[in-house]
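The data blocks that follow each hold one structure.
One chain, subunit A, appears in both complexes that follow, with subunit B as partner in the first and subunit C in the second.
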Partner chain A sequence: MTATALTPAARKGVFDGPLSGVLGILGFLATWEVVCRTGLIDDRYIPPASTVLVTAIEYFGNPVFWAALGRTLSGWALGLLIAAGAAITVGILIGSSDFLRKATHSTIEFLRPIPSVALIPLAVLVFGTSLNSTLLLVIYASFWQILIQVLYGVGDVDPVADDTARSYRLGLVARVRYLVWPTALPYVMTGLRLGAAVALILAITAELVIGGGGLGELISLAKSGGAIDKLYALILITGLVGVVVNLGMRAIERKTLHWHISVRGETAV
Partner chain B sequence: MRRSTRTLAVLAVSALVLAACGGGSETETTASGETKLTVGVIPIVDTAPIWLGKEKGFFKDEGIDLELTKTTGGAAAVPGVINGEFDFAFGNIVSLMVAQDQGLPLEFVTNGTTTAGESGKDFSGVVVNADSDIKSPADLAGETVSVNNLKNIGDTTIRHVVEADGGDPSKIKFAEVPFPDAPAALENGDVDAAWILEPFLSTAIANGARVVSWNYVETSPELDIAGYFTKTDTVKNKADLVKKFQTAMNKSLEYAQEHPDEVRDIVGTYTEIDEKTRAAMVLPKFTSEFSQPAVQLLGEAAVKFGTLEKQPDLDKLLP
Partner chain C sequence: MSMVRKLGFALGLPTLLIAIWWVTTLNSTSFFVPKPRPLVDTFIETWFSERFMTDVVPSVTRFAIGVAVAIVLGIGLGLCIGTITWLRKLIEPVLEFFRAIPPPVLVPVLMLVFGVTDTMKISVIISGSIWPVLLNTVEGVRSVDSVLSDTCRTYRIGGASRFRYLVLRSASPQIMAGIRQALSIGLILMVISEMFASSSGLGFTIVQFQRGFAVDEMWSGIVVLGLIGIILSILFQFTERRVLRWYYAQREVQRGR
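Coming up: the complex of A and B.
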């Protein structure tokens, strides 16, 4: 790309590319540093960015940190997988039947807004500090996110295509496989991406509040030990994990939907 | 298309994994003939003896394979013991009195921590900013005081101390603020006084905060704060196991009391408290004996100030 070629695409490259993202992060870190260094905020309560960054980097050489990250991510992945499996199965079942859709609508709308964190006392009572507690919260939170998307996806099936499939006497399994699933897949992927973010939040919240290991417990330990720089370093790292998870989910989405107009539209000029 | 079908299949099968979830632990015996015990502990200075005792092999000597699980406080410890995840857990005396008040069959098997017993040198205190008008415990009446939990050992002892000093305990406004956040809340003026424990207490004093009440010592210089508890069921049916745990735990408490330097070192292994703070902080007293009169006094104060409905039954509560 040359400097003179100021086509819309080129301008887009300069202002919306990774460069501006990096600039944004640098600006944020610089503001943080200045606010602490000038004494606007007491650095006993929020240490400057440079201190926190060094502490964060030190964590990457610490096996305890990797074990904690492993636990958090296994809770996240397992929870998301179970939620996705259940939500897709239930979603296709409910979505394929007008009766079920109407019968379950109010129940879903009632259960969906219950915040997963409200289930923490229940989780502790039933599962204690084990991984199952984390799973319960993660699954509950991400299940609804994905289910709603699957329902929309299944509802989006072209009635003409559906009638055609029926007149060709495609059975239920064939219709799900060749018609419902491809139609719903973009919605499923959106649901998965939303669910993945929520699942990560809940995995860390569960560890923070209930304990039992993981990044959340490290944060809680740093807090109760008064290790403020470690506390902020861990918070920064959880943000980083969130970014990586989102990038990963987007990559999966692009790969799975390579045939879909939304993805092809992005790559074609 | 084939790929997406496979994805569906994988996801659907994973739903079945849900069935694999289950829980609940019973006492197991390891290959070497040791009894496996899981104990829920809060990762704070107060639990140093059990970590130290484990390291020193006091539990192994009794044939116990000890596993320590960190909990975030009584909120997870009590249900953990009730549902069998923990064989024993660490909890403060008022929490257990409240549990007993609500009919939960729990009781202490050993002591855990006791006030250091000396005004001016304890691990718990109510602090104010250096320029505050609050000069004595009685002055706390009418002010906002932060405690980590309402209706627990903090507000109960503070009310008791304020009343003993001639103040009106019903006029204190308590606000729930976690210990780590309390010094900042005090400096910002969100609260007029803050109840904090070590390691935050010595740091706050070093930063200029002034202690108006050593609420534990001033309640009683013998006051026991917390201990290790289990289900009444376990005490009755596994008397032998409980005896072994008590022997090892009491040995750990006495060892910790005699070796404060080792306590400061071991605290560094399970908390994030830095070395400088560990060297400066005031340690609690570790003793195997509960002080019956002090616990009685605490129970009476808890009833008087509405933390408990009825006088706790110490014969059932204490070992």
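Coming up: the complex of A and C.
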């Protein structure tokens, strides 16, 4: 009985395609609304969905909000860019030499798991509430994510292809350009995607804990002002920013790797 | 590779770095940069005292409870959602949205609901670290090999043994990847939840040192957090290698071909 329900043919139904996702979101919002309106949950703790949505939409007409969003995103983008540049350079350098790879392994494994929030007090002490504080945390957090992936990627170079490149006397630059980089690119993109998500978390955390403008500070202001609906609206918005960042990174990944088997395979089906 | 060479590679760079640090700070009077010798002294003085029991142990306990609950809940819910196709399609976008919310943002809300209690801190950790486990479990359940799944059905393996021997097994590499992320997010949230409002715990103590400009003590706290991160990563790698032994062996065979 249950077996028939699981066959692929049975899966095709009303709940197919993107429609079911939209239904899910609407259902979630409706449940939220009903639970609050009926008083199951005190609206001092969670305001109804409609109130939060209206407050969120009101934010879109507010220049202060756009300035804060701009500040958060610029800290995020700048930090990610610096981290990516550094991680890719260092990764290719270390990855291409067996000696460096072995010599740095223990140090990388030691520094990588250190939680970046441990650096918050240091950032406050050295940089205060300036953008540099955010940058320090964002760069530290995303650098390791990207570096590890670059190292995997460079290690994945096909030895036969490498020997071929050498027999054709491709120089170091040409080998990096035509062999190492294309091999490592899928890994680099994975690293960038993971790094982007972590960087966003750290950018907002830094603003939340340290201050210095941005969405994080708006949230801590809403909290200390007791503006519950604003608090929830801002959380909703940061979630949306997170979704947009994730989707954006996936789109970039698909675009840069359009030639790669993993992406080509996806579209062929 | 001989033992000596291995050791040389493992210790060479760290030794060199510490030597550089030691030499460059020999005559420095910089306020922010600690010197190696006093830092070690401060570290022992600060953390090998009753502070270990009052700050480190409660923090780590909250972390352990939070992450354990997140893992159990994540795998349980993930198995349900992953197996029921219509349910997965219905709520996957909502879950993706919750995953995308930077978890520290939830600290103010949870503070409001629970007040400044241990429950609040533990629920902050759960609310952040459940998503990678949950979504990875769903993804792992979804990508169960269809031939294996059909084989199970042919042999009438169903119910609990199907879950135990087929679904959980083939989802476990993905689940472990999710747990790895959950651990690092949990650690971040442990610190954040204490930085906000607390009277004990590692995060609180380190911020306290920073506000009092006790720079060496602050650095020693950062070292403690780093050490916790490293110990966790070693424990995780050990567990992963045991749990996924079959998986790595299988991959090696496939590569050898």
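Definition applied: the second predicted complex is superposed on the first by the 252 of 269 C-alpha atoms of A that agree within 3 Å, B and C clash if a C-alpha of one lies under 4 Å from a C-alpha of the other, contacts with A are read in each partner's own complex, and residues count from 1 in each chain.
Definition applied: contacts are C-beta pairs under 8 Å (C-beta built on N, C-alpha and C of every residue); 3 or more make two chains touch, one makes a residue touch a chain.
Given the structure is predicted, the values throughout are model-derived calculations rather than measurements.
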Which superposed partner A:Tyr45 touches (first subunit B, second subunit C, both, neither): both
Which of subunit B and subunit C A:Pro182 touches, first, second, both or neither: first
First (subunit B), second (subunit C), both or neither touched by A:Ala67: neither
Which superposed partner A:Lys223 touches (first subunit B, second subunit C, both, neither): both
Subunit A residues touched - subunit C or subunit B, whichever exceeds: C
First (subunit B), second (subunit C), both or neither touched by A:Thr129: first
First, second, both or neither for A:Gly212, with subunit B first and subunit C second: first
Partner chain(s) touched by A:Leu200 [first = subunit B, second = subunit C, both, neither]: second
Subunit B versus subunit C as contact partner of A:Gly85, first or second or both or neither: first
Touching partner for A:Ala103 - first (subunit B), second (subunit C), both, neither: second
Subunit A positions touched by subunit B in one structure and by subunit C in the second: 45, 124-126, 208-209, 220, 222-223
Touching residues on subunit B, where the partner in the complex is subunit A: 1, 3-5, 7-8, 11-18, 21, 23, 40, 43-44, 69-72, 75-76, 79-80, 82-83, 85-86, 178-180, 184, 187, 199-200, 203, 207, 271-274, 277
In the complex, subunit A residues that touch subunit C: 2-3, 6, 11, 13, 15-16, 20-25, 27-28, 45, 102-107, 109-110, 112-122, 124-126, 197, 200-201, 204-205, 208-209, 216, 219-220, 222-223, 228, 231-232, 234-235, 238-243, 245-246
Residue ranges of subunit A in contact with subunit B within the complex: 42, 44-45, 78, 81-82, 84-86, 88-89, 124-130, 132, 135, 139, 177-178, 181-182, 185, 208-212, 217, 220-227, 230, 256
Residue ranges of subunit C in contact with subunit A within the complex: 9-14, 17, 32, 85-86, 89-94, 96-109, 111-113, 153, 158, 184, 187-188, 191-192, 195-196, 203, 206-207, 209-210, 213, 215, 218-219, 221-222, 225-226, 229-230, 232-233
